[in-house]
Each structure stands twice: as C-alpha cells, then as structure tokens.
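Naming follows writing order (A, B, C, D and E), and every chain is counted from residue 1.
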Amino acid sequence: MNGLSARIDVSRGDFRLHVDIVAAAGRITAVLGPNGSGKTTLLHTLAGLQPVDAGRIEISGRVLDDPAESVFVPAEHRRTGLVFQDFLLFPHLSVQANVEFGPRSLGLPEPARRATEWLDRLDVADLAERRPSALSGGQAQRVALARALAADPDMLLLDEPMAALDASTRVEVRRELRRHLREFTGPTLLVTHDPLDALVLADDVVVLESGRVSQSGTTDDVGRRPATSYVATLMGANLLHAIAVDGLATCTDGTTVAIPDRALRGEVIVVIRPEAIVLHRTPPEGSARNVWPVRVVDVETHLDRSLVQVAGPPDLAVAVTAASTRDLGLAPGMQLWASAKALDLDAYPRSD
Amino acid sequence: SGSSGADESTLTVSAAASLTESFTELATQFEADHPGTTVRLNFGGSSSLAEQVVSGAPVDVFASASRTTMDTVVEAGAAADDAPTFTTNSMTIAVPSANRANLTSIADLAKPGVRVAECAPEVPCGAAARKTLQNAGVTVTPVTLDPDVKTVLGRVAAGEVDAGLVYVTDIRTANVAAIPIPADVAATNEYAITVVKASPQQDLARQFVDFVAGPTGQQVLATYGFGTP
Amino acid sequence: MTGKRRTESTPWYLVVPGVVAIAFLGLPLLGLLLIAPWGDLLPELTSEEALQALRLSLITSLSATGLALVVGVPLAVLMSRTRWFAGPWVRALVTLPLVLPPVVGGVALLAAFGRNGIAGGPLYELAGVQLPFTTLAVVIAEAFVAMPFLVITVDGALRSADRRLEQAAATLGASRWTVFRRVTLPLIAPSIAAGAVLAWARALGEFGATLTFAGSFPGVTRTLPLAIYAALDVQRSQAIALSLVLVIVSAVILVSLRGQFLAGMRR
Amino acid sequence: MTGKRRTESTPWYLVVPGVVAIAFLGLPLLGLLLIAPWGDLLPELTSEEALQALRLSLITSLSATGLALVVGVPLAVLMSRTRWFAGPWVRALVTLPLVLPPVVGGVALLAAFGRNGIAGGPLYELAGVQLPFTTLAVVIAEAFVAMPFLVITVDGALRSADRRLEQAAATLGASRWTVFRRVTLPLIAPSIAAGAVLAWARALGEFGATLTFAGSFPGVTRTLPLAIYAALDVQRSQAIALSLVLVIVSAVILVSLRGQFLAGMRR
Amino acid sequence: MNGLSARIDVSRGDFRLHVDIVAAAGRITAVLGPNGSGKTTLLHTLAGLQPVDAGRIEISGRVLDDPAESVFVPAEHRRTGLVFQDFLLFPHLSVQANVEFGPRSLGLPEPARRATEWLDRLDVADLAERRPSALSGGQAQRVALARALAADPDMLLLDEPMAALDASTRVEVRRELRRHLREFTGPTLLVTHDPLDALVLADDVVVLESGRVSQSGTTDDVGRRPATSYVATLMGANLLHAIAVDGLATCTDGTTVAIPDRALRGEVIVVIRPEAIVLHRTPPEGSARNVWPVRVVDVETHLDRSLVQVAGPPDLAVAVTAASTRDLGLAPGMQLWASAKALDLDAYPRSD
C-alpha cells in the first residue's frame, strides 16, 4: 500500500494502545478522541520514540517497526515531521536556529533560506532572533509547526498543531496548512480537538476511544454517520442506539423513535440534529410523530441561538433561537415536550 | 588534656614519625614503671608537631627529629628547658629488596639510568643527603626531591626508584634493603627532646624525658639503629 | 532480539572514551586491591585503633556534611536568587577553598579559628574555648573543604531549575518559606543529594587541613586518613589495609544509598 | 522606592545561614591574608621557582581538566543514558576516588601505572616507558582525583534534563552525534562548566596523589602545592606567600571566567 | 468599585502592554486577542508575577500594585487563581498533592477533601495518584484548573483553560465552569481563543491587539458590533470601514455598499454575515442592491456547507451550501458576482 499502515500494540503505564491504522499517501487523516484516549501515544509510536510491543508499522512498503522481524528504524531515520503537543522548542537556540535544525541535520541545501521561508509562511519571521522563552504560546506553536515542516518530512504527525492559535490566526494557518498539505505527497496524521479542523482539513478520520479505534472512514462518512456518542457530540448531534422494526426504533432507554426508512431492521443508530428538535410548553399536536416529555437541564446562550440540554429519556441537545428562548422562558428544571419529525432525523445500521 | 586525676594520669608525647617503634616500646616500659600512667603517643612530621606545640596543642613532651625544628619551639618560648639532643641518626642507601639495578656502593648512584630519590634540600633529611653525597664526592641527579623521608622510603619499597637516601632507622620493612655508607661519609642528624612549657604535669613529663635520655632509653633506641649523641 | 530493538543504543564515540574513563578510574583501584595485604585485613579491620579511627571518620564526615547542608544550601539559594549574593566575590569566595592546598587550608583555619586567630582569639579570651585539636576542629576542617562542592552543585541546579514553578506556587498562596520547602527544595533534591555525596566523600577523605588544624590524636582527631598517613612510613601494608577499609566502607554506604539517591534523581 | 517593590526579597531564614556560610568560608581566607608576609610577596611572586611552579600548575591542571572533559563527559552521558553504565558499580567506581585520601590515591596510581603496576609494568617492559616522575604523571594524578567531580556533576544534570528535547531532535533527522553535540551538550553546558571549574580547582590544589605518583622535582613535577608543602616546614612565610599566589591566580581566573560561565548558566 | 480596576503599563523585552481594564465582581470577562497581543502578560501582571512599570491595580478598593504609592502586594498575598497557559503542574507531586497545594498553603480546612472534590468535578479523580508526567495534555489541563479553583481565590485568571480539552470534555468543563463561576463572587478573567467560550461563558469581553485594548463591552455588544476586523473575523463576520451618506457607505477600498439605515452619517462600520452573501456565475438581476465582481481565493468545505474566500474589492468570506458549491463548480481563481441585500447587513457608527 502506498502510505502508512500500522498495527500497533503498545503500553504506557496502565494504559494500552491497541489499534490498526491506515493513512493513505497524499491524504490527511484526522485523529480525534477524548483526552487520554492515546492520540499522542499513537503519534510518538509512529515517530519511533517508542517501539511497539507487538504489531508492525510500514510506510509505502518500508517496514519501520516489527518486533517479529527484529526491525526497528530509529526516529532519526524515519523522516517524520512531528509537532509535539507542548512544542518542545530547543530553549538554547533562537527561533531561526530551531527551524534550521532539521534541514541542517539532514544536510538539506540552504537551511537558512528554508527556515526563513517557513517562518515567513507562518507569519513569525519577525521573531527569528528570539529565544523560545520570549515567545507567547501561539507564537511558540507556529514556530514548532515551521520547524517540523522545514525538515521536509515523508510523513507528517501533527499533535494539536493549532490549539494555542488565536481564532483568526488559526484560519490563516489552517489555510496555509491546507495549501501545503495538498502539495504534500506523504500521509498526514492530524490530532485535533476542533471538529472544524477535521472537517476542513482532513480527508479521513480515525476516532480513538480508550486506546482503541471506535470509528474510522472518510470525513464525510464519519461526520454524517457517527458510530458513537462521542463522535456525535463532536459533530454537534444527538445519537441514540436502537433496534429498528418497520420504521420504529426502540432505544436502549425504552423510548421509541419513528424513523424515515421503514426497510431498516436490527441494531441501528439514530442521529438527530439539535436544530431538528422543537420544544413546546404543551403536548404538541400535528404531524411530528416523535414527542417526548423532557426536563430542561441547562441552557447555553450564544449570540442569537441557545443550546438547551434536556433530560428525557431520551437525553438531547436542542438548538433554539434566542426568540424561542425568551418566548418559552427556558430555565433549568422546566418540564417541556420535545418533538422531532421522522423525516428530519437519520437512522443507519450499526456497523461494528 | 594531659591529666585526669591523682592516680590516673595521661602523658601526651608528640614525637617525630621516625621514633614510632622505639617510642612505642619505651612508652610501654614507662607505663610499667609508673602504674596508673598512660602514655598517649602522637607521631608526625617534626615541623607540624612543632607547629601544634607552639599553637597550644595539649602536649606534655615533644621529641623532634631535627635540631633546627626544635630551635623554633625553644625560640617561641614553648619549651620548658633547653631541649638537649638525646640521640642521632645517620644516612644510608635504601634499595628495593630485589635490587634490580645491582647497586653496591654510594658511587653506583651516579651511574646513568639509575633513579634516585632524596629529600628536598630544605628539609633535614635532604640536607643530610646532600652532605653525604658531597662527602662521598658523587654527583647525582635525583628524579624527585621529596618533602619527607617516608615518601622516599615509599618509592623504594614500591620499586619505583632504584635507590633512596634515608636514615638508618628507616630500613625496617622487608621490601627494602640497605647499602651501608661508611661512617665518615654518612651525615648524621640530631634528635632533641623537651618538656612542653604549657604542660600541666611538668614532673611526670620530666620523668619521661629523663627516662628516654637515660640508659634504658638509649639501649632501646640503639636496637632500632639510633646512635648515641 | 529485544536488544536490537532498544531505542537507546550506545554510540561508539561515547563508549570508547567512556571505557577509557572507567579504565582510568578503575585500574588504580584494582591495583590497590592487588597489592593489598589481604591477610592483614581482618585483624586490621577489627583492631581497636582502626575501629576508633573509622568511627571518628564517620561521625566527623557526617557532621561536616550536615553543617555544609545547613548553611550551604541557603547560601546556594541566595547566590542564585538575589543580586547581592550572586556577585563575583561571593562566587570566588565559594570556589577558592577548592584551590587551596589542604595544608594551607589548615593554616588559614588556624589563622581564623586558632588560639591567636581573628575569631578564635576573642573566643579564647572571652570564653576560654579553644577549637584546635578537638573533634569539633576536625568537623570544621572537613566542612571548610567540603562545603564548596555542595554549594556549587546546588547553585548550578537552582540556576537551571524552572523558576516559573515557584511563581505558580506563589499564586496558590504559598509563602516564601512554603515555596522553598515544598517546591524549590524537592525540585533540586537530586542535586542536593549529589552535592551532599560529593561533600561527604571529600570530608571523609580529608587529610591535610585536618592534620594542620586539628592535629592527629587517636580517638579525638585521628580520622582514618590520618591513621593511614601515620601508618604509611612504618607499616605500609597496614596503611593499605586501612585504605581498603575506607574504600570498602564508602562503597557499601554509596551502594546502599544508591536506591534512595537515584529515587531522588528520577523525575 | 523601587527597592520595596522588587518581587524578590531575601527571607531572613536564608540570609542568616547564608551569612554564616560566607563567614565560615571567608574568615580563613581573611586570616590567611592577615598573616601573609606582604613584604615577601612581590619577590616571591617573581622568583624563578614560584613562576616555574605556577606555570607547571596551570599547564597540568588545565590538561587534567581537558582530559577529564574528554573522557568524563562521555562517561557521564553513558551513565545517565544506558542501563549497563548506570549500574551501581560504575557509580561506586566514579565516587570512590573522592574518598581515597590523596596519598593512597597515589599509591593506587603506582599500583596501576607505576614501573611495577598492572598497566605500567607491561608498558615499561615492552616500550621502556616510565610514567612516574614525568609531567604526564602529574596530569594523570590530577585527572584521577578531579574527574569524579566532573562526572558526578554532569551525570546529575543529564538526569534532570528533559530527554524529550533529544527525542524532538531525533524526529528532525538528527543523528545521535548531532543530537549530542547540538542539543544534549548545550543544554547541560552550565553543569559542564560548573563541573569543569570544580575539577580544575581540585586539580590545581591537588597535592598528595601527585607527590606519591609523580614525585616533586622543580620544573618537572613540582607544582605550586608541592612547592608550598616543601616550603611549609622550613620557610613558612614563603609557603604562605606561595599560597597567596595560588589563591590570587585562581581568583583572577575565576572572576574573569565568570562572565562566560554565567552566560552558560543562564537559560 | 466592586471588582477589578487596573491601569497597567508594563514591558517584556520590546513588547509593551498598556491597558485599562475593568472587571466587575461576579462577572466573567473574556480576554480575546491575537497571539502575542499581551493576554498572558496581562494575567501575570494581575497575579503579581510582574510589577507594573506605571499604573495601578486595585481590587474591591484594595490596592495591589501602585508604584506611585510604593505598594506592591506579592503574588502569595493576592489570592488570585491563575491557570497557566502551559499548566505548570509541580512535577514532583502527585495530582492529588498538586491540587492540595493551594488549600494547604493557605491553611484552608480539609485540604484533601477539597482537592478530591475538585478533581471529581473535573472528572480526573481516578488520576489522583499519578505524577504530572504520566498525564495526557488534556488531563494535565483539567488538573491545573482544579488546582487553581481549589485554592478558593478572590479573583480568577484563566489562561486558555480549555485549549487542550477535547470537544466533548470541553462542553462539560465549560458547563462545570459556568456553574462554578456563577457562584463565584469575585471577578474572573478568561483568556480564550474560542469565540464560543467567550459567547457562552462571558458577560463582558475585552479585546487586546498589540498590547492595547481595541474593543471592550458586553459580550452581546462586542459580538453584534465588532469594532475591528479581528473581532469580526472572530465572530465569523465580514467587516468594512466606510463613510456613510444617505444610505450609501463608501469603503476605504472604494467599493460602495447600500446600508439599511439612511439616517447614518460619517464614519461607520459595515458588518456582513457570510450567510447573507449570495454568489452568482452571471451578474444577478433582482432586488439586491449590493453586487460586486469577485474572484474565488479559497474554498473550505465542511460537512454540508462551504466557506468561500473571495477577493474583491471588497474581500469577503461567503458561506454557501454544499449544493451551491457543486452547482457553481467553485474553485480558486473563478470569477463570480457576489450580492448582499441591504437589509441583511448591519451598519453602525465607528466609536473610537
């Protein structure tokens, strides 16, 4: 296969990471997952900072790590551009020297020019003479990104490369990154907590939960058909596990949901967008077939939109306009009815 | 401190390191002659012992391997008497017991390739060594000029030098053999002893000094190679 | 197989000089073991004099290390944290005892704390106290030569420690003393341990300054190194046996300390 | 006004022991200055013998420091980075020369590198080379006693350094050698400097092992401390004057080193 | 005044922070700003880690720092709960001991119980015995937050307290924080790069740019009426500076924009939401009075929505549905027309 293919079994303390990952060359794979799910561990293992206990790491046919064959290519021969979650800039070198470090180590031509170019692209060229200790958090992150990219890697491993960037810089860096990554011929793994980063930058998504892959696929597939509540929450949707019979899905919590596809049978996942749910003070009459009595748990007000958490069953996140919030007089503890049209929700077979 | 009661008393004697064995034997005899008395011996280089005495160390008797060193104590007013010479010591040639350089006389020290150690000219044993070589009419370039005789002896014992100029009384270990130097050539050294002025037990200290200078003392010293003054 | 897969492999350009260093330090010790009079060792080990000297050496070297810790660590903290103490003069003052040949150090100690010394004089006149030739004098001499090792090691560690952790502690309401005790000290614990071992080892082996300042009286000031020196001219093999006692005792202490010492060093 | 507003103020519980430490280290030096024969100093400073000894001392102590750096730093790296060298025996081996009284150290060096020693014997038999009584022997003796200070200081620093920076360098394609040279070494530069100063100071003051192993011949092996010791018995004031030369030269070197030394220490 | 009032003039290297800040007790003030704008410097100065060069910091009448009066209250007497951008957990203490540190230092009752409680609330109680080096990035951040909150501070200073949290944890922590902060009686300053955090959590907003305050006010005001492009971008809107006369605004780049309010005169700011702009292949006919020829610079595709950057004048961000993206065949370099209804955009006087 052209790209990365890895079977990894590795431990850190009590934690065990046990995953199969494939990342195609020229494509960007977003790695999502809750805190402590093993994303950083995965990247470090791929970069050669930790050998696998069992398994095999291969990139474009070249074996990087395989205990069975006694192969272990050390980090310095892997050409992986790793951006560390906490940057790890060299404190004794200037920003310029930090970025030149990779090109120099690899004997690339014109290291100084390369460094300047990357600092320029990430808009931190004016900090070239600074020591890392004199950088703000976001500046340090951009320098770390420049340092990894300047080393002209075969595979890019980015551990939350934009977490410390301010919102507008992030848009720019994301754009810059997208441009560069489009030219980049190797596989890219991008750890991020921002679903928008994943949606905008990534072609594929791998979701880790507790050291295992809980879902993977193209960004679209995962975005549209989340397989776990974690992914659904990430994508801003509600997810229910249910058994479907003749257009009626019975959830594990006992509620029934009318779903659009009558042909669907067996274990299914029902996804309801927060915008598709309507709240009522009195039991609604009309065409909506799904109506549940709920209690308001929490109201989060954004500019002209509120996100309301309600406890059912089912527990749901509901998006309402600022106007409805006022009209309904929404407050925690209130008893309401929630309705959702069968046609406005999505149901698909569970695939695991 | 020096004394600890009427019956039990401790006499502290600081003596030059070369007196270690002879004084240890003398002390045992002195203790036998004076029941209830313990002699505590403190050996070291004469000049550092002298320095201690002048600085007020709790010492009752001081025996020096050098007249000059003793003079500094007397001049500093730390001695209770005029510190007479009580014994002498003369130069000899120490060689490793294997004697691989096949040395037989003082003249052999001048042979090329022979490594000789002697004391630095500033210290008594060095002055004596220089004088001895002069008396013998031999010109020697030593490889080292050591600060004390024990260092010279150590080098001979370890076989690092082929010969060393030391005192007769120093030839005591099995690793070292002596090549005697004729009496008219070998330089000698005077040992002096005194009661320390600050000693709280002048009488006992005086008794010890007299004991060392007396017939028993001289006899014991002679068995270790010392000469009479 | 796993050997090949270890991420750390030892590059030759480090192993070659490293092995040279080990040979360089190890050969003399090996030589000492070879020329050692093993027959004399047991009687020597249990002789009253050797035990007395050993006991005295342990007591004084530990006391000197304690003294160095109590005043040396605060000095190191001041040197790395305040402008005045960070000046070149304090630094020179701390380093100079290292260069003084021990015997001269002893002379200097006499000039300061002897009966006629600048501090010892008044002490004698007013309180009748004389330091030289007492066990306390041994402790002072050892502390004088050993403290610089501790101070320089700890000062270096403090300079490279992250001061921002101390700031974090302050924002949590910790007083300076709490910050010092619960953040600064634990963070540099490995270096304090290393410095204390250096100082202790130096104190244990100290000879010249002790001899000059404290004398060499059995049971009072004759530590093991002094006993070794005293024996050197007369009974060389006894001296070597005593040295072995010193080496073995230190080795046992160092190896048994190791667990805790390394624990402190781990981050 | 600004004084009151400084964020750092010095707490008394540090200042009191700190000042005690300074007095403790400073009084002996002051005492030495007071008893110094200032009149003799100038002639002494310019006497051929003193200059010769000083020159020899500087050359040998710097060579010994160089030797210690070249083999000691790699050893420290191995001790902190590989399992084998991190074992208790290497650690004990490195620490033991510290406890050996210098004279015994000299005896041990003879047992290893002397004419009849385990390494020196073959050397003499096969190549006719004798180390003792040469200037090289002085360097060896000084390096033997000084190297442990360097190794222990650097090892401690490496243990508390952030190894993840080395990992970061490796992911950027840096070979082990590049990582060592451009990341590891610069990061612990302050500690290497501190360790080198300790080792240099110890080498400069070294006396016992040098005397025993190398002898004491003017111009060849008689370093300043040996000259001081030789003079101590007979010409005490000359000895003190020579000691002052040593102290002043070291002070000048330390103070002038300071700028660079501190620059290395700054993060 | 009840709360924080600070006039700060302070330097770090070449950088100078020169701001007036007011933060009311019981309210949450979000501090927004680009990387390197001085947010961290501001928080550190307020916490007493750096004295001001000139100015005065006062909280509820108590002077904390004023060079003119020679007053400087050191950090340990300020009771500010500061969460550092890079956490700064004590590496030698367990998680539990880290959180107990504050309560113990202050002599609060039952420090162990307090610590456990906060670890519990932030859902990291199971990590209590770990050393910080054995935590993932997000776990470390939650512990840092717990540590600051457990010290029962008078003022809370949070420096990107959620940057490393994964999306779903962030929702929870945000909710937990909101609940706690609602009970909290002192002022809170919250540095964040996530506009959603600001919108959801904050009552007021202060925007820093290059060490100066560029806008401040209630969250609603700032959200609805951004004063600088930075703030507009942050809020996901387009901002144009213009001069208005009779319902027509002339921008600095020469374009004219029809605006709803004919009474508005003089310097104005025009804000156009990306959703309010329509793209056409041919010049549109119809009621939209604002039509500009534009060139596509960049297309970012989210799940069912694309964000298109176009270069005009004016330069705009345009939101289109996935369907339109396909229909229009959007690609960089394409020439299009953009239109926006006058009624669908916002114009207000510039206020500085």
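Throughout what follows, contacts are C-beta pairs under 8 Å (C-beta built on N, C-alpha and C of every residue); 3 or more make two chains touch, one makes a residue touch a chain.
Not measured: the values here are computed from a predicted model.
Chemist: Which is the least count of steps on a path of touching chains running from chain A to chain B?
Modeler: Graph distance in the chain contact network comes out at 2.
Chemist: Which neighbours do chain B and chain C have in common?
Modeler: Common contact partners of chain B and chain C, which must touch each of the two, are D.
Chemist: Which two chains have the greatest number of C-beta pairs in contact?
Modeler: Summing C-beta contacts for every pairing gives the maximum at C-D.
Chemist: Quick one: report the Å distance separating chain A from chain E, using the average Cα coordinate of each chain.
Modeler: 22
Chemist: Between chain C and chain E, what's the gap in Å when you average each chain's C-alpha atoms?
Modeler: Taking the mean C-alpha position of each chain, the two centres sit 55 Å apart.
Chemist: Go ahead and note the Å separation of the Cα centroids belonging to chain B and chain D.
Modeler: Centres of chain B and chain D (C-alpha means) sit 36 Å apart.
Chemist: Using the touch definition from the top, which residues of chain A touch two or more other chains?
Modeler: Counting only residues that touch two or more other chains, chain A contributes 48-49, 74-75.
Chemist: Among the residues of chain C, pick out those that touch two or more other chains and give their numbers.
Modeler: Counting only residues that touch two or more other chains, chain C contributes 110, 176, 232, 267.
Chemist: Quick check on chain B: which residues sit in contact with 2+ other chains?
Modeler: Residues 48, 154 of chain B each touch two or more of the other chains.
Chemist: Which residues of chain C touch chain E in their complex?
Modeler: Within the complex, chain C touches chain E at residues 164-165, 167-176, 178-179, 182-183, 186-187, 189, 267.
Chemist: Where on chain E is chain A touching in the complex?
Modeler: Contacts found on chain E: 12-13, 32-37, 39-40, 85-86, 134-139, 142, 160, 163-171, 174-175, 178, 193-196, 199-200, 220, 223-224, 230, 233-235, 298, 300-303, 309.
Chemist: Could you list, by residue number, the parts of chain C that touch chain B in their complex?
Modeler: 110, 114-116, 130, 132-133, 211-212, 215-218, 230, 232-236
Chemist: Which residues of chain C touch chain D in their complex?
Modeler: Going through chain C, the ones touching chain D are 8, 10-11, 13-18, 20-22, 24-32, 34-35, 70-75, 77-78, 81-82, 84-85, 88, 90-105, 107-113, 117-119, 143-144, 147-149, 151-153, 155-157, 159-160, 176-177, 180, 190-191, 194, 197-198, 201-202, 204-205, 207-208, 224-225, 228-229, 232, 239-240, 243, 246-247, 250-251, 254-255, 258, 265-267.
Chemist: Spell out the part of chain A that touches chain D in their complex, as residue ranges.
Modeler: Contact set of chain A toward chain D: 47-49, 74-82, 84, 88, 90-93, 101-102, 105-106, 133, 147-148, 151.
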